[in-house]
Each structure stands twice: as structure tokens, then as C-alpha cells.
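Shared between the two complexes below is chain A, which pairs with chain B and chain C, respectively.
Then we have the complex of A and B:
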């Protein structure tokens, strides 16, 4: 299945504004992020803590809706989903 | 009006548009680029989600307080010290709810709307830190 990755701010500087991942059916958000990490050590360092969990400063959205808490590790992606990754917002 | 745009906005036009016969108070908030030792900044947005979230915040404010109208314009792209960043115009029958509504909108905007600022200093750059810590929510 194909998932569109949109990155913003420092994540965009590391992996680019848009990527498309070809993932196994049933892949999780965590799996998508690990797949991106295989392409870029800088992305891995920016996204994950030393223990392999998603860092607390990473904000994730699927199709424009935030995923919070433990869902961040487990939510399953579907074909055509848009996964956005960015740091804490700083508008205004 | 809810808008993300690169161009500057005209505060007077928005204020006039917010008036109705029932309006007794209009409160505006303008965020501007402050000189924190920077030369300029660049604003980036998750555009379609940001506009949607601004509309949600407007709806929240109008449900929470007896407001007549809420308009939000947020700029993106390159800005210099002194430039306008964001305009919020809130109209109501009375000043109490107009002040409260305007403060509510800017506070919520800073919590959730996907916009980021990169500041450029003479020899370096830095991203402005946001406050959200999504990994800690349940």
C-alpha cells in the first residue's frame, strides 16, 4: 500500500517535504517511521529516543488528525493515508 | 474570514467589516515580528490543516462566548522585524466577551495550529520552539 508522508520544519529539512512509502498492508505509524529512518540516520535521531520510542517532541497526524499518546506506536495505516510529521507548533 | 496568506493584511478593512448594528465592542490582536536579535523569519504551514484548525478555533470561541464574529488572518512566508504575522478581530455586544474571545483564540492558535517559524540571525538560523508535547498526552 502507498502512504504519503508530509514533513514540516526541521523534519522537512531532513527528509524533504513529501515522500511516498510503499508499505506492507497493516503497517503501523511506527513501522512507517522506522522505514523512513532506514533512509536517513538524521531522521532516526530526530524522530526516536535512544530506547527506540517516538520522541516526545514529535507531532503526528493522519489525514489531518493528531495521533496522541500510545496510539502513536500502534495506529495502523491504510492505502492512500497522509501521515504528517512535525515538531510542536509555533504559530501566532 | 479565516485565511492563511503571504500578503500583509489591512486591519481597518477587517474592523469595518466586523461591525453590525448590534456590535458594541471590537477587539483586535496583531502579532508582529519582534527583534529577538534576528534579521528575519520564515513562516511555514501545513496549509490545509491550519486553515481547518483556525476555523475550529473560531467555532469554539463563538460557542464559548457570546460573540458576533471572529476573523483570523495568519501570514506565511518570509517576514522581517516589525512585520505583521497574525490578525484576530473579534466583535461582540460588549467588551468583556470581546476581550475574552480574542484571548481565547490566540491562546488556542498557539497550542494547535500547524505553523512554524524559522528565525534567521546574522550567521545562523533556528526554529522557534513550540510548547506542545504530544508524546505525553493520554
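Then we have the complex of A and C:
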């Protein structure tokens, strides 16, 4: 199945604004982000904590709807979904 | 009551919202937390619009490396406090308003007294710990908080009305890692003006506020996108607030 990845800010700098991932049916958000990590060490460093969990400050959305809470890594993606990843910016 | 000078100064914008609207701006007291990249444009446009009382808070001194973006500070101001530098320019821009400058580090001891009497707080900080402190006080005192943040060509902004919209902790439960961020002046210029625009609409009671919406500016692609956000029922800062005490202002 194909899932579109829409990246903002720092993530966009690393992987570009939009990517399409060819994933196995039933893949999770975590699976999609790990797939991107295999392409880019910078992405892995920006997206994941040292323990391999998705960094807590990273905002994730599927089809424009925010996913949050402890189960956000396990949410299953579907063909045609758009997964958006956004790191809050901090500067002023 | 507006003076003759004020009637002339604000004539073109009173075509939009009348003398009554201008009086609302004149009676407003706004805290601008930070006189840096965001604070400079936000303060400038709130000053020229006629916000009656601006309180500018910052602890820093102007450095040469600030000058690519902090437009109220000029080469001659290097070594001067940012509050002094900003205050001088803002008073020159609009002598018909009150400018108060406070050179202090915003922390748990200093911040409560500096924001508790405000009608609005502009979050023009450069770090999340102080942003969370402002959010905490905004929720505690029921004061709207106008958030903005930037990095490079990217920016974000939202409007927080305690008890009515998602607060900063609802939207960003965890702070991003601290870093020395790259920045070009146009980005805080754009975001700071969005914050100022939100403040003006709030006092005028016109348009739609950025409540429960986070806008994301991508300056490299010239795209402005909106993320819907919502209150977190378990938020430690705002979940206990059931109504917005400032609703009566509008």
C-alpha cells in the first residue's frame, strides 16, 4: 500500500516536503517512520529518542487529524493515507 | 475619548472599525514577553495600531548577531538593553500610547506580577520553559495568550483563550530539544505580525481567532497550513477551566 508522508520544518529539510512510502498492509505509524529512518540517519536522530520511541515533542497527523497519546505508534495506516510529521519550532 | 492627533493618526483604520473600535485598542494593556525577533515586529504593529499600554519585558542586551531580525534594535544600540532600545523606538513611532519597559528575566518569581493585570500576553520568547510559564499564568489568570515561534524559514502561531481553546500544553505537551536556532528576519517578521493581528482582532471582537488552530508557515515554499488542535481533557494546565473569564471583554 502507498502512504504519503508530508513533512514540515526540520523534517522537510531532511526528507523533502512530500514522499510516498510503499508499505506492507497493516503497517503502523511506527513502521512508516522506521522505514524513513532507514533512508536517513538525520531523520532517525530527529524523529526518535535514543530508546527507539518516537520523540515526545513530534506532532503526528493522519489525514489532517492529530494522533496523540501512548498508542500513537501503533495506529495502523491504510492505503492512500497521508501521514504528516511536524516538529514544533522553538525560536523567537 | 480620542484626541485630535489620534483621530488623524488612526483615521484610515477607523474606516474598518470606527472610533469605538479604536477606543477598545486604546484601553488595552498588552504584555509583550520578549523584545527579540518576534517581539520587535509584534510590538511595532501593536504600537502603530494604538494599543494604549504596551509592557515590553526582556532581560537581554543588544548584540550585533541580533540585528538580522530584531528590527527595533539598530547598530548604535549594541550593548544597550533591549528594553531600553525597543522603548526608545516605540515611543518615537507613536507618542500617543504608553510604553512601559521592564528589564528582568521572566521566571516563576517575576512573571506573575508582570502579567496578572494584562488584557493580553504576546508570547515572543525563544524557549519553551518560559513559554510554558506564560501559558500557566495565562490559564491561571484567564488572560489570552498569543503564541508564536520560529526556526529558519519556518514558523507557527496560535491563539490561546483559556477555558475556550487548546492551551500550549494541550498542543505541545513536550518541548522540542533546546538548540541555537538558525533564523532569517523575515520569518519572525511574518509570525510576529500574525500575533499582532490576532491581538487586534481579539480586542476589536472581529474576525475569527486562531483558537484551536495551529498555523504553520513554510517560507521556503510560501505555504501557510492549518492544523486543527483541541483541548486535552487531561491537560494539567487548563482542563479544570470550564469557562473563559474574559469572555465579557469582547
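Following the convention adopted for this analysis, the second predicted complex is superposed on the first by the 88 of 92 C-alpha atoms of A that agree within 3 Å, B and C clash if a C-alpha of one lies under 4 Å from a C-alpha of the other, contacts with A are read in each partner's own complex, and residues count from 1 in each chain.
The rule we apply is simple: a residue touches a chain if its C-beta (ideal position, glycine included) is under 8 Å from a C-beta of that chain, and two chains touch if they have at least 3 such contacts.
As the structure is a prediction and not an experimental result, all values here were calculated from the model.
Contacts of A:72 after superposition on the shared chain: chain B is touched, whereas chain C is not. Shared-chain residue A:87: touches chain B and chain C both.
In the superposed pair of complexes, A:60 makes contact with chain B only, with no contact to chain C. By the touch criterion stated above, A:9 is placed in contact with chain B and with chain C alike. Chain A residues in contact with chain B (one complex) as well as with chain C (other complex) are 8-10, 12, 55-57, 59, 61, 64, 66, 68, 84, 86-92. Considering their complex, residues 6, 8-10, 12, 54-61, 64, 66, 68-70, 72, 84, 86-92 of chain A touch chain B. Listed in rising order, the residues of chain B touching chain A in the complex are 31, 43-46, 48-50, 52, 74, 85-86, 106, 109-118, 127-138. Residues of chain A touching chain C in their complex: 8-10, 12-13, 17, 55-57, 59, 61, 64-66, 68, 84, 86-92.
Those residues of chain C that touch chain A in the complex are listed here as 34, 36-39, 124-128, 148-152, 154-156, 172-179, 181, 183, 188, 216, 218, 220-221, 225, 227-230, 232.
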